[in-house]
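Next up, some structures in structure tokens.
Below, subunit A partners subunit B and then partners subunit C, in two separate complexes.
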Partner chain A sequence: MSDADQPTETDGEFNPAAPNTGEEFEPVDVFPDSDDFDLRPGSDSCYKCSTCDTNCPVAEVDDEFPGPKFQGPEQWRLKQRDDEHEIDDSVMDCSNCMRCDNACPAGVPLSQMHNTARGEYVSEQMDTWSIEYWRNRILSNYRTSAWLASKLPRLANVVMNFGPARWVMEKTMGVTKEREFPAFATETFREWWARQGGADASRQRARANRERRGEPVDADKKVAYFHGCYSNYNTTEVGKAMVRVFEQFGYEVVVPKQKCSGTPMFANGMLDDARRHAEVNVSSMRDLVDQGYDAIASCTSCSMALRQEYPELFDIPGIDDVAANTFESLEYLRIHEDLRGELAEVEVDGELAEEFAYHAPCHARNQGLERQALELFRDVDGVGIEDVGESCSGISGTYGWKAEKYEKSMEIGEEMFEHMAEAEGETGMTECPTCAMQMEHGTGYDIRHPLELLEAALVDGDGL
Partner chain B sequence: MAIESEVLVIGGGLAGLTSALSAARTGEDVRLVSYKQSTLRSASGLVDVLGYTPDGDGPLTDPFEAIPDLPETHPYRTVGIKAIRDGLDLFDDAVPHYHGGHTDRNALLPTHGGTIKPTARYPASASAGLASDTRDLLLVGLESMTEFDAPHAAAHLDAAGVPFDVRGVTIQFPGDLRADAKVTRYAKLLDTNGEVTVRGRDRPVREALAARVNTELDEEERVGFPAVLGDEHPGAVRADLADRLGADVFEVPMGPPSLPGLRLEDALFAALDEAGASIETGNPVVDFDGEDRIERVYIEKNGAEIPNTAEEYVLATGGLVGKGVQSDREGVYEPIFDCHVAHPADRYDWFENEVFGDHTFARFGVETDDDLRPLDGGGDVEFANLRAAGAVLGGYDLAAEKSGSGVSIATGYAAGHSAGQEAV
Partner chain C sequence: MASAPHIAVIGGGSTGIGIARDLSMRGLDVTLVEQGNLTHGTTGRMHGLLHSGGRYAVADQASATECIEENRVLREIASHCVEMTGGLFVKRPEDTEEYFQEKLAGCAECGIPAEVVSREQARAVEPHLAKDIDKAITVPDGAIDPFRLVVANAASAMEHGARIETHTTVTDLLVEEGEVVGIEVEHDSGSGKRVHGTEGGREEIRADYVVNATGAWAGRIGEMADVDIEVRPSKGVMTIMNVRQVDTVINRCRPKGDADIIVPHETTAILGTTDEEVEDPAEYPEEQWEVDLMIDELKELVPMLEEARTIRSFWGVRPLYEPPDVGSDDPTDITRDYFLLDHETRDDLPGMTSIVGGKFTTYRMMGEEISDHVCNQFGIDADCRTADVPLPGSEDFSLLRDYMDEFGLRSPIGRRSVERLGSRAEEVLKTTDPNPVVCNCEGVTRAEIQDAIEQSGSDLNAVRIRTRASMGNCQGGFCCHRMANELHGEYDEAVARQAWDELLAERWKGQRHALWGEQLSQAMLNYALHATTQNRDNDPADGEPVDFAAFDAGSTPAQSSGESGVAADGGTEHGD
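On to the complex of A and B.
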């Protein structure tokens, strides 16, 4: 009640049955309207049930980490009490999996609190001359490294996994040498997309498909694809599958100008970097949303960033419209098409006629998407799919790439590795590129994206 | 288009899960949506049917004997004894690691405060703690877990006149855990039997924990710990500790966050998955279309409203704590469908001055017809295809009666079953 007037007690005794708080006092108006990110209502909503703590994959293995309840509402309150209070450096051990958001029965915006605290820590307390700062900055600006590597992908693939170079990277930068760098595609998704004829050609293909499907040729079916960095530079097959599947359903696809979603930057408290990228993304998506496009992401962390982290952290014109019109790819088709009906008609054969060990990424959980792949594919002929449990994969983007976090990352992932080994399939499936890295790293399995299976099931072999 | 199912259940607590399971077992295409993770994470894991009468008589020996005398407005009277029994059968089938189904009578279990609680079903992990068991008992508390003061709890049990000797000791959990380590941290260490450092030596945690307890153990035949004994493999953790202690090992149910509650949640979701239902958590239902029937509901995701359609709907959103019933200075309301919630116009009539008084608010909730369909202020059915289950129902004080779980299971079963039949 520090911001409010104390209730006036007329007779010195508080009697709940007889209102004696004085006419001036209006307890529902304690919080003045505010345009900035006032986290106080969120902090006050926390009733300390600690459900968030039971969801934290880091607190489960890391004896140094005090957990989300401390990082969020408690730290926020400590900060209000004393101007001298600094953000606890353990905020950098949070992997930003955001599972605590999904846990909180009181709707406390935990990840927003973590992101703002981490941003403040990095900008005000972290030594910007430190190796850790630059290591984190380089890791979180993966797009820049990937862009460079894509210029000479074959060379990059060799150099980035060259043992002595990796040893030096670990010793000097703190980037673990235990992991294989992902392979860079020899042709980026955007290069491929341009070669296919871009948006104009997509419109033609979509119209032809609408006609084939018996839908109005001029149907208003258009989407803007947010491919993210990984589908562009590494797993281009995911981006291609997205295009083929959506066009198959009669959607025109455009691939607007875009930068990193900001996910790795949020996790490292690099909010200035994230904002720069977000401004580009929101600006190009906003115009398309105005024209009736919906934004579609194939990476659940990208869709998470556009939907939740952007409006929670930035004030950019059009940001709320973009958030409300952003969807994950399967989610969108589930809402707008009879996906189950179409899948009931087909049988998958060929390379993807497999048993899949499916892992739901933490960021998919937060959007309520953790079961969509399972529920879509479990009845499809020719394939099987099995959930490998609710544990976090442990890599959380850049977290598992840090030398000092590698062991913990693998300890968190152990439960998933065990369940993958127990599952019938020996091919993994997930929506998140870094979960895929971890799954492959821990089991050696090949990891596929649900869109690839959807493509195999629904798109004719000749496709594009 | 919309996301379609035949029966849509709103709410992921015990009532919602039971409804969905019951409807799915009638062969319907069922979808369960829950705003956040299940509230079972905050539940002790004990499943009560009726511990006390509304007048405070008890603990009751046999809840089924007392049910016919409950007020007519009580949800148990609405669904009847058979639905309660069928609901419990469904529960027993879905959650095989629970005990208590062999009898109608209440079991008596020690709580972490040292009181004795009458309950109808309890997890296997708690079974060696039964207060009706005459074997001597040692309670082991952990220094870092201040919410379980074992000597204090033991003294309470002793004062209650339990038929055995009981002692409580507090030990330091082996290893270098934080003072505020999460229950999941203890559970994970015990599940994996991870190494902890004790006096400079690395030892598996179960061995180290048993060694500490063994120095305190004095002929007792059973040992109770706070409920942190494993999440993935609780049976193996208990068996291993029991072996090392030469005594039965059990867990004392704790407050939130609760591992027994979490395990119950996992078991029920697994059963629902097995039954072929679809499940979505993380986003709230905020709106609906329909006049006499619900046509569709909308799930809000960051400003987007996703339509979901079904033939039949079950409202299992919880009570005042679960936010299925809400109040402000103007009144009390059900926030999704605005179903009628009867309440005194003057909000100072909603409660009594005594903390544990007979509060009117404790019975706030929707009133229904015999088929659990909410009624409007005039006594007519609000929507032909909407049923309500669990704490969103009015007419009973679950905290005072210790009937929360039982009402959720019985009304969840009845609402789900009826919705499933209707959807055919």
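On to the complex of A and C.
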């Protein structure tokens, strides 16, 4: 391998500007049937420029946190493949916002390194009897708590935000009492979906809409909706908007069996839990992808998990096909439909005729989606939209819920709060449910999902 | 005995330093001189394999037996320099079953513990091994750090009263009445620790006996007294990978050949090597095809090497010797054994013995034999203790600690530091002063750098070999200046600048044969940073000291009148 024959090694074309995407090395399962990867070769791409460090929101506010460069390529390079080489506990301070991934010019698989190290730390070094472990486990298994709460949503809403109860939770569990628990919907999205007649009814409605739109009635337009936990248990209006908008464009929607995407579990190093959930998700999505469905998520962290984290961390049959066919909802419509053209024809009035202060979630940035809502809505009559900048909201899922991280989370969010206050509108917009939580917590604004605005703009009131 | 005889040892490689330790522990008065740093010669340019003897088990069983013996000794006395990685002799389908069986039998004959493992077992140990290998033999190979080992031997020799002079070249042998009575040397920068800019000078060192341990240079010393020592220097290349693709020594199980071994070394893996005779041990061509050969051949054992990042390549010369009557054509046929050449019996020149050939792994045994020989000259009957007394740093130490609690260090950094420092860890790392990381790639802190500076003066290359600072993937791009900064306090600006220049030059040199792909990006970034932030591409201050007093203090805001400690260059005084 000399300089002479180097250029022809990749795709036959030498492109000095093409970063090493990290695809060149294939991490090897250290032990068959486990998720332990040897990521040392991943640090080959790092040339220590520190761009990742300067982009890490946690390093900015937390002097004790050594930053992504140390935590990723440096720590992995110093590691050896025996159990004696411990992972530094600072990996638990990383919020898994994945900004470093996006910042790195050299394609170092940073978040894969963090996630793998965190998984190893939690399974090998963390005391599973510790309160921190159980607190993290409960936070990351939000789906389970939410499922419980949804059985008696009204009671749960009262109890979870009952002052003395919250004080006890902070003292015993380390869950901050500063935040309001999100309200649980009295009817889950899935209950609503079943009540609407499920997939069969969706097919009928989609056909009718295709006909109305002058498209072939039997056009192959079908998507599988990955609603995630939050749209199911809390903001069901987002899930409903997704269904209505997609059907409006003639897509048949199915809502397959699914569990948590795993995002909060990755952030807490609960890789075993995450894997169990991923197996269910991949297996149900894989069958649908085989039948020509695309997987659509309305939460940018869910789409991120399915398309990037799953294939990086797990070896599940069909995982690459699912990853390659997963999209975020707006992204998908922007690819396949003339959204701007249709929006140019309409005017929004009513409740959502607002000025929006839009925040792009970090995980949306990683998928290159940080401009989509702005580009779509800025010319729509009746609404305004303003970007509140590129800072991180600071909550990063479960991070901001931890009592010891609450202050830092708010410090990270400060820039966003300020920009929201300065923006014209008093309604926020974002694709990520936990960013929404933080935006609301910091400003008191109502926060909407872009799908809700699309629904208001494009779906006639008499849909379903 | 009135006073102990004074022995001059020439050569600060593993052989010379082993002799110096042994003789001084036996109570002799020793002076060792070395023209460069310790390990300047072949010792600093070797593969780092602590031989189990497996490699010689078929063709050179005498060497193999010595290796396994010394392998066991070094694990005990040099535990902080040795990593017992274990080794594998891997058979590919193209390699003959016959040789595999010979290897196995040879190991048994030499007392080398060896076992056959299946492909699955081998790949469970080393998952990056090629999928199509047949099987392997396990042997107790290890990895050894030559720098640390030599430095620890030097420290021990000095504890026993030896004088060690680096950057001191032997320019002549003092011969009186047909007998060697000493050496004439040229000091590069005064005697003792090296400090740049210190005036050098000549010195005559009279000695009761001289030991020539200059390896590939032995013939040059011989010439000074008109004796012939037929060393046949043979070069070999080694290529350093950025990370450890393997944690076990991987040998190809076939008769001797080029590019057949990968040794995990500290944070890296080193590929090697070749065997080609050269004229001059100091000047020989270094060619890219040699590096290419390493990767092309060894990727058959570990396919991922093809795409992996190399950070450096370097060459070393073996000091091969064979008695004049053998006459091998191919250097690979020359024995790896060592020879003790007593010039009194051989050349009628009393007062000097040369030791040539051998291996790093057997350095202690060579030292023992020649020390016995020297003691015999003076009728001294003293036991060799080098096999029993651990080296400084290799006394009991543990790697299972809470690094944050004990040293305030992140665990991977604390662990690497203790791996390097061994039993000296507490002494060096327990400090109440701020202890930032100076070299991020290798995890080296200020305390360790300061400890090295205390040992070796202003020579930053000597600091480098002691600590590994600047030996990681950025190859000094981000830490050379920080290391130079650590000289501040003890040394002035001109000294720091010279030391810094020298370190940078050394770091660039070895990267010449790694400049493609990732290391090329690294080099470009390093260059740009050094040019733009340090004016390294064209430094007007180079050569002359900067007159800091000529800078004004800047405008002093009224409220900060109390803070007069701000230096004219904008920084605050710290660190001394």
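Assorted remarks:
Keep this in mind: the second predicted complex is superposed on the first by the 420 of 464 C-alpha atoms of A that agree within 3 Å, B and C clash if a C-alpha of one lies under 4 Å from a C-alpha of the other, contacts with A are read in each partner's own complex, and residues count from 1 in each chain.
Following the convention adopted for this analysis, contacts are C-beta pairs under 8 Å (C-beta built on N, C-alpha and C of every residue); 3 or more make two chains touch, one makes a residue touch a chain.
Remember, it's a predicted structure, so these values are computed and weren't measured experimentally.
Of the two partner chains placed by superposition, only subunit C is touched by A:Ser90; subunit B is not. Of the two partner chains, subunit C is the only one touched by A:Lys79; subunit B is not.
Looking at the shared chain after the overlay, A:Cys49 reaches both subunit B and subunit C.
When the shared chain is aligned, subunit B comes close enough to touch A:Glu60, but subunit C does not. Residues common to the contacts of subunit A with subunit B and with subunit C across the two structures: 28, 49, 66, 70.
The touching residues of subunit C, when paired with subunit A in their complex, are 124, 127-128, 242-245, 247, 267, 288-289, 291-292, 295-296, 304, 306-309, 399-400, 404, 410-413, 415-416, 440-443, 472-474, 477-478, 515-518, 521-522, 525.
Considering their complex, residues 1-3, 6, 9, 20, 24-26, 28-31, 38, 40-41, 43-49, 66, 69-70, 74-82, 84-90, 106 of subunit A touch subunit C.
Note for the complex: subunit B touches subunit A at residues 1-3, 33, 36-37, 39, 41-42, 175-178, 180-185, 188, 192, 232, 256-257, 262, 273, 278-283, 299, 301-304, 306-307, 322-323, 328-329, 348, 351, 353. By the touch rule above, subunit A contacts subunit B in their complex via residues 15-19, 28, 49-51, 53-56, 59-61, 63-64, 66-67, 70, 102-105, 107, 307-308, 311, 320-321, 323-327, 334-338, 365-368, 370-371, 375, 387, 414-415.
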